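For reference, chains read A, B, C and D in written order, and residue numbers begin at 1 within each chain.
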């Protein structure tokens, strides 16, 4: 029996309205603080390319930490197992920007989705590609490729604004450097990190981009291979255990899908073998994940019965 | 295409032999320290009751923390959402017996599978059933019921020995009591906890016992309901994110199944909608999980392609 | 030039009045919570036995952690350097009842004045004297001896009430036991600890009792030796660096005298070679030290110019 | 009775010889790692200017963290109480370069002698003097003034080398900046900090320089006022409680004098009202304090009976 996904999304859209003003838009940089609450979009993309959307699903927003899924995919492809000497795959039990665990654990970040881990990933990409410009270009091209959309780019205003308030991330990078786990210039690496976090995409674009991860690393529409089946499984596993910072366990418990959130209010999720999903609503809960986005995904899995468990 | 599970288990049995002497048997109590290394057993049970085994699959061992899956199931059934005020569902990022996070987070354990969380669960069961004897009887009857085997019981020598070395767990209980998150007498509650940890089962029995969790809370053979579909999903989710202490992320990454380990060397796992699995090998890795058991499950998912991701 | 200490105390008494209602009386047990704010007493005792007092200087109060100076003196005398294997002399940088550092540092408390350290001291005394009753009797006799007053005793109601709310301290003791740093029965040792904390003394009695520590370990009035000169110096040093929990540095900075506070609102201090001081006012600041007592000592050192620095 | 300080120093010199090769020279930068073990010097300076020395007392070494006493003195003079909003006076209970406590306590360092605290002090001086060059000049002039020696300067090779390995300190500065507790450019402030740490002085010069702190802030030889009596007392208090990183309690316990150590192997101490002392021996104990220097000071206080307690 095929489900009527459009009907389900429409229901969710109606039900979620009272929640849209709850929570707080990320306010540590002006460019994000200015995004009005009350907005919502959700898109589901199936294996055959059919997609279903509600809300402002063509409006681009700052994908922020969602970009970490893409850079991790690239680094895993380039470095394979040798990557594990620089970053783990374990939930941290700590806030996303904490230095505490990093100090206790000798500069090896717990996983690639906390800030320290993502900075190491960006650093590893720069080491491979030789400089920050080639690296950024390669990241952008990768995202364009998985989303089959050559228009994707980043917002330089957001990136610059992040850099101006980037002391915490710069501190993380220098701390890792003091432990020998950072190879390139801190300033330009952190800048590159902020640039890929400042990529803007709509839920339609993000949902499309995640399709390869729902189907074993191979884009079912273009046939392009972006990861091996084993890598795709593992990226999904890290999304499940570490995708929502220190609320990853709750998300797994209530939603039951591999997913990754960003402070721009976006969340991407996969139903392995079935579909990819993207949702957006800018107001965040206390853990820094989209409040309405999380609820919308919880409703979606409840209504459809879809879950990996 | 039906897989030849017996052949796969036989292959794993052969391949795993060189690993059986690696790691260290739990040595904090004599009763566990005496179990010889080099032993191995594995059982897979399907929806229709067919089961496949290798090694000493009828030999009982101390299930230890695996019992936490059963007491959590009972408590979730009894208390539903009100349980969350006493225990979370979040990975801890810390060793299983740590008091640090508990002090910082006001006596609310991160999840029901670290020691503090499991003690709270036992405490909640005693509060419900009125006393420690009824509680233990109810726990034993529940385990007998899910494994469809009236013979299951615990080893009082192991329980007593645990109690004699139980200061760390007693400290955890008193710390929670100081925060108002412990209701019953510490000594008898910890004793009850040690008794259910001292339940002995074989991989055949454990694999059978986990069948209901692989099939939405309903035992596919007896038709008995032990959890709602939603509860079963959530228990699987907590097993995935928190089932292997501070190596849960690695286990999810390499094995990709909801699973729970015990220091007796056992691990149980589910492939939701497909099967339940139990494995046993007493030597532990540095995180306190069965070394060969973890590797056997990794091989099993590699060979079968089974994974939730 | 001899200072007019009575005049100085009278001035302090007047000046301190507006501060007496500030802060919060210890409220974790009823017996302490019932003590009315607004009370104040201060006594200075000189080498020749002359003493100067203001306020309710003959009213007894619960000396609480001040008793740790006395048990530490006894244990240092009995065990000398071998005591250092069980407890350090280092400021903790953490709250007085924290388990965090104790877990990280393998059950060895930072110093004898945090709760864990004082429990180890009581445990060591019981190991030496053979049982809890002889130990308590010896502690009481020691305090009677240094204060030259056979009437000193403890309040059993306070001790019992502490025990009823003693889970945090019991947790500390069991945690140390799990690391092998606790020798006797936890319950009776913690009970003995609460009993010596429940000793009641007035500022006149306390000031008299501290005289030996101001004069190299020898009571200048009776000539009795309670510590070697080297031990007396060291006890003063630990009071200076660790006597006010996590506000010891501030106290040293603002007052500049070796001193020890208790949650009953008392503070004792020494001016080595010159005098001993006791002050009492039950309302506590956020660190658990007497608010007005701290200020009174600060004024005293400012007015007299006395300081060890 | 006047003590024969020369005789005492000569005795110490003989007795300390077997200890000179113990411990480890600071090795995180080549310039410090090259200093040979086995060297020792000690100088005592009295109120009237007489001084007594043994060993290589005219050989200059890198004063490192001892410079923090001088910058703290300057900042306390400039900012008085308003300084406390940016840095505390409490022992940290943590290693000197830890970021952990700084993160938990919102970027306010525990005291001016851990690295974070000293960086805030340098930052405050730059804010006052307008730029890094004037600040460095003022610091140098201050040190020249208190040591009555216009030749004192810093070693630019050491400063540059520190900067090349300065990631940990740069991380501390950026972390504080992220909490709003850092005002100037991180790079140039940390560079200025490394420059004043790279000041080179002999024990004769250092002992002379500390004289004002032993005599209430006023140099007894020149009559110049470098601190108020109250400030001098307080600086001595912070040296006592925080002067030896996470071994400050032990130092107070065994030596009993306000003192400050540096990783160059130097230690300065005061006997308030009596004398100032400097000692140097480059091999460090596990806490980063001079091994032989600490022992020499312990012997000095034992032999002379001098102590503040």
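Worth pointing out:
Assume contacts are C-beta pairs under 8 Å (C-beta built on N, C-alpha and C of every residue); 3 or more make two chains touch, one makes a residue touch a chain.
Every value quoted in this text rests on a predicted model; they were computed, and no experiment measured them.
Common neighbours of chain B and chain C, by the contact definition above: there are none.
Shared contact partners of chain A and chain D are absent.
The greatest centre-to-centre gap from chain B, using C-alpha centroids, is found for D. Averaged C-alpha coordinates give centres for chain C and chain D that are 32 Å from one another.
Here the spacing of chain B and chain D, counted between their Cα centres, is 55 Å. With touch defined as above, chain B holds no residue shared between interfaces to two or more other chains. Checking each pair of chains for touch leaves A-B, A-D, B-C, C-D.
Interface residues of chain C facing chain D in the complex, by the touch rule stated above, are 88-94, 101, 110-111, 232-234, 236-238, 240-242, 246-250, 252-254, 256, 258, 272, 307-309. Across the complex, chain B is touched by residues 98-100, 103-104, 167-168, 170-175, 177-178 of chain C.
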